[in-house]
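Got a structure for you, questions after.
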Amino acid sequence: MKAAFLDKPGSLIIKDVDIPVFADDEVLIRIRATGICGSDLHYFREGRVGTNVIRTPHILGHESTGEIIETGKAVKNLKKGDRVAVEPGVPCLRCDHCLRGRYNLCNEVKFLGAPPNHGTLREYIAHKSLFVHKLPDNLSFAEGAFFEPLAVGYNAIVKSGIKPGESVVITGAGPIGIVCLMLAKLAGAARITILDVDRYRLKIAESMGANETLLPEEAKAPSPVHDCVIEATGTEEGLTLCVEYLKKGGRMVLVGMSNSPVSLNTIALLRKEAAIYTVYRYANYYQPVLELFRAGISMSNRSCRTGFRLRK
Amino acid sequence: MKAAFLDKPGSLIIKDVDIPVFADDEVLIRIRATGICGSDLHYFREGRVGTNVIRTPHILGHESTGEIIETGKAVKNLKKGDRVAVEPGVPCLRCDHCLRGRYNLCNEVKFLGAPPNHGTLREYIAHKSLFVHKLPDNLSFAEGAFFEPLAVGYNAIVKSGIKPGESVVITGAGPIGIVCLMLAKLAGAARITILDVDRYRLKIAESMGANETLLPEEAKAPSPVHDCVIEATGTEEGLTLCVEYLKKGGRMVLVGMSNSPVSLNTIALLRKEAAIYTVYRYANYYQPVLELFRAGISMSNRSCRTGFRLRK
Amino acid sequence: MKAAFLDKPGSLIIKDVDIPVFADDEVLIRIRATGICGSDLHYFREGRVGTNVIRTPHILGHESTGEIIETGKAVKNLKKGDRVAVEPGVPCLRCDHCLRGRYNLCNEVKFLGAPPNHGTLREYIAHKSLFVHKLPDNLSFAEGAFFEPLAVGYNAIVKSGIKPGESVVITGAGPIGIVCLMLAKLAGAARITILDVDRYRLKIAESMGANETLLPEEAKAPSPVHDCVIEATGTEEGLTLCVEYLKKGGRMVLVGMSNSPVSLNTIALLRKEAAIYTVYRYANYYQPVLELFRAGISMSNRSCRTGFRLRK
Amino acid sequence: MKAAFLDKPGSLIIKDVDIPVFADDEVLIRIRATGICGSDLHYFREGRVGTNVIRTPHILGHESTGEIIETGKAVKNLKKGDRVAVEPGVPCLRCDHCLRGRYNLCNEVKFLGAPPNHGTLREYIAHKSLFVHKLPDNLSFAEGAFFEPLAVGYNAIVKSGIKPGESVVITGAGPIGIVCLMLAKLAGAARITILDVDRYRLKIAESMGANETLLPEEAKAPSPVHDCVIEATGTEEGLTLCVEYLKKGGRMVLVGMSNSPVSLNTIALLRKEAAIYTVYRYANYYQPVLELFRAGISMSNRSCRTGFRLRK
């Protein structure tokens, strides 16, 4: 089969490799679509994300859908021909974090595309069937590739505790900011303001339902009246804006990860007695995202522009 | 002014009475619409609701909107001419429950229409301005009369912890069941089943977005797969169905109050390790309901049939 | 090896059977102490607990400690000679409940002594090493047999949300009521009232730190001032007392399971806007109980009277 | 009466002033003891705490007890001669924060000793009776002066969600760190490590039950295994240690307020998916602290050294 290897920063080459062997509790999947994550771009350009450094040659990709080609002997939840979304992190299921239902925190998780594990920019992968989910019929492979960022956003929204009628501010209108926007609306937010340095991204946010879109320089004297703020840039500027927009007694969610320590105004945070929740990937959230799609909530094509297909 | 007095069960008479005097922290409101609650019907027909007995003559009514005629000296949040919704319970604001933000549990609450307090089926009332809320411009007086049951439903939905993508069952498609349905959808429920003995009510539920409507006799062998169940009938049959529909680890919300003790299958509840939340009126929930309307979520006329206007 | 079989209600016989074979992820344990649970007594006397019926001959017992005799190839957390407590329920670790950290709700859990699984009243058992926990050195085998009911109590106390300074009522001073008492004190309860029909049990409760012990007939006109009530009898009388003692806005925990439906005063519950949590066994709670003992909190000998040892 | 005025940084003078007039809902209290808070020392030395600047002459003091001299007409909860603890913040009881039970966040709170409100270093104060609490008989006036910092600690411990058996790290062994230590133990923490730059404070912490006391330089390679960390220094060093000690999935509580922004390692926080709760004073927490004392939990004299009495 063919696989796309990053052989050095900025350079992908296609090589022929063996189709992977699969274990009894695994399935063999023919990859049909893979979204490109911001972390993929960092790996592609710089060979690293924060302290995670790849050893080349390396296969990237983890936001994927495909179809089941073969199933291991012990697999019961899937059969040949099923259209599926791949949950890329496979945890140990034995440690305290796994037993407590927070398998995203497992120290031994094998996450597709994150070094040293090869990713999905290849024709076939073998994957533990527990972490492979059937696609609803009404979704294309490309749309299904959005399950992964949507699961991140779902994690953020659950932690945010957004209730119907609340007011929300999101800093960052990249893919993660946008999925947070979509899910905050679904959770009943009455009013959502989103900020980004990129006007094009703000336009997408507007088309996805943001009530107000702002460049940071337009956020003069932010009014601290918002029930919930979501930081999706990983920058100090984003964090500072979030602290300013938050009302007393409000909740903040940090989903953007910065490369270096950021300066935080703890005086303001404590005076507001804010609660801050941080997000790291997701656990158990492919299912509810899937249920949303099964219920017929369709995603606009506009939001698909960052996805691409390995094959037609 | 005129007021509608219940002089004995089944009999309302209109009498002339003095316009009420208002205190410094109160406003004088001309009532423009009052919804009729199930409890009003009980008082009207039987003169009592459970252990609450009215002394005749009594003025019923508590789901009301109106306009501000005059304001007390200390009132700052409202002015003459404002269109408003009346939050009918006025708590003491001094007891432990009030100080803890659960003023609905205040032992000294004065609740309009609940004996011994007269209600809103009259031309004017005096009411503490803290518990009077401006109506959004896009709402009629009749629509605003729904704030009260919506606040009950909001309390139920917040306690339910419904998250986007979840599956919900509601027993009872009366006004409270319907507001729970509306707000559960707003909170992101992917699938809602509602049950009632009355086909007409089920039709209303269907028009309001229920995914499945069932008569109790159609609920054969309920599948215990639902994340959340909401009991809005106050009957043993409703409670039993809720226990059966609930999945392991799920949440149950009791919002319907029964007149007498009901039989509960604690074996099933404990095996499911269910959490059960009960609802009594509401505290602090007129505001988020108001924000939902301000954000432009309109209510269908169909849902207004139980409201009526004292004047045109 | 020898094993104690229940061959019919009321009759135990000792038989010779093969030492069990253990899998790669299991350990072979020589049982050193087993506590006798209320459910064991029900099985012994009546052959059933609720809808769970045993097929004789059956080996009872699940509150056990022992020492490791051999370890499977894949076992890393234990070694030969370790003194251990056995967590009796082994879940599938693949279903939704397991993945969400609530493995006590797993439909495929194999629970020692609960039909059709044989229990620990025998010389050796094979058990999955993940569910075998090292005993602190300062604990005897007999004391360690209390981990199991303590884990149930721990589940109840976590769900109760008891905070320092709160007032608690517990109905039932059997083993589960007593462990709830112990752990409620540990969680900072300032005042604990416990009720039981048996004066001897009340004396034990008093010696374990209850502030007030009462026969039900002494509970005249219960004052509804308690932050939290814990029902540990599984009877309608216990539940009724709990509802009466609970203050408005309080929490109720149901840990006692009844054999048949009980009558519940939902009017009182709703007027109090109570939250009710139910308890089914435990998940992930052997570790914190173990930490409490490791920290040197000793159990009085008095509390050990219901334990017995298979061998000296 | 006499009052101690700060007339310039570092200088207190005693002046004669009128005994305050009290309103119908207030009581006149003869102050018997006032603890000196760290913020008092900042005001005394520098004339300011962060952005709060005092206008001299100013009366400091807010950790106080006294006895009731007279009561306003509307006061029902207190009578002449009662020994009381004074809750120093009097909120408006009308705003959203007050109605939601978080009156510590009220924008109009009048807090004794915080500019522009005079404090308790004088013979008599008038105070709203709702915020005056009877002292248990077993407490001296000096001991009662600790209710105020204990209420701060109680707020921290409730937000921490500490459960029996958990492991806790506290940075800072000043008065707030010590009350957090005391209350964490009361909440069942099995093991508490506390850090401070001052060996004398560590000795106090040890005498109050800390399991491990460390200077920061002794905290080499902190093991990230603690369920909960509490930051009570308001320094970047303290915050950094807290992030390092915290286990994945753990909770952090920020109770120490820094004067300037601090650097925060969000990468580590997000990878741990930590929840962070911040603390600002307290609301509704004098009562549970009082219940703890009423239940007979005595404070060691050692912890009283920072309190002093205005009179004998």
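To keep things simple, chains are lettered A, B, C and D as they appear, and every chain counts its residues starting from 1.
To be clear about the criterion, a residue touches a chain if its C-beta (ideal position, glycine included) is under 8 Å from a C-beta of that chain, and two chains touch if they have at least 3 such contacts.
Bear in mind that the values here come from a model prediction, so they are computed numbers and not experimental data.
Touching chain C and chain D at once are the following chains: A, B. Among the pairs B-D and A-D, the greater number of C-beta contacts is found at A-D. For the pair chain A and chain D, the distance between mean C-alpha positions equals 41 Å.
For chain D, the set of residues touching two or more other chains reads 100, 102, 287. In terms of which chains touch, the assembly is arranged so that all chains touch all other chains.
Within the complex formed with chain C, the residues of chain D that make contact are 154, 157-158, 163-167, 183, 186-188, 190-191, 211, 287-292, 294-295, 297.
Interface residues of chain A, counted against chain C in their complex, comprise 93-94, 96, 99-103, 130, 283-284, 287. The touching residues of chain B, counted against chain C in their complex, run 50-51, 97, 100, 102, 104-105, 107, 159, 234, 239, 248-249, 254-255, 257-267, 269-280.
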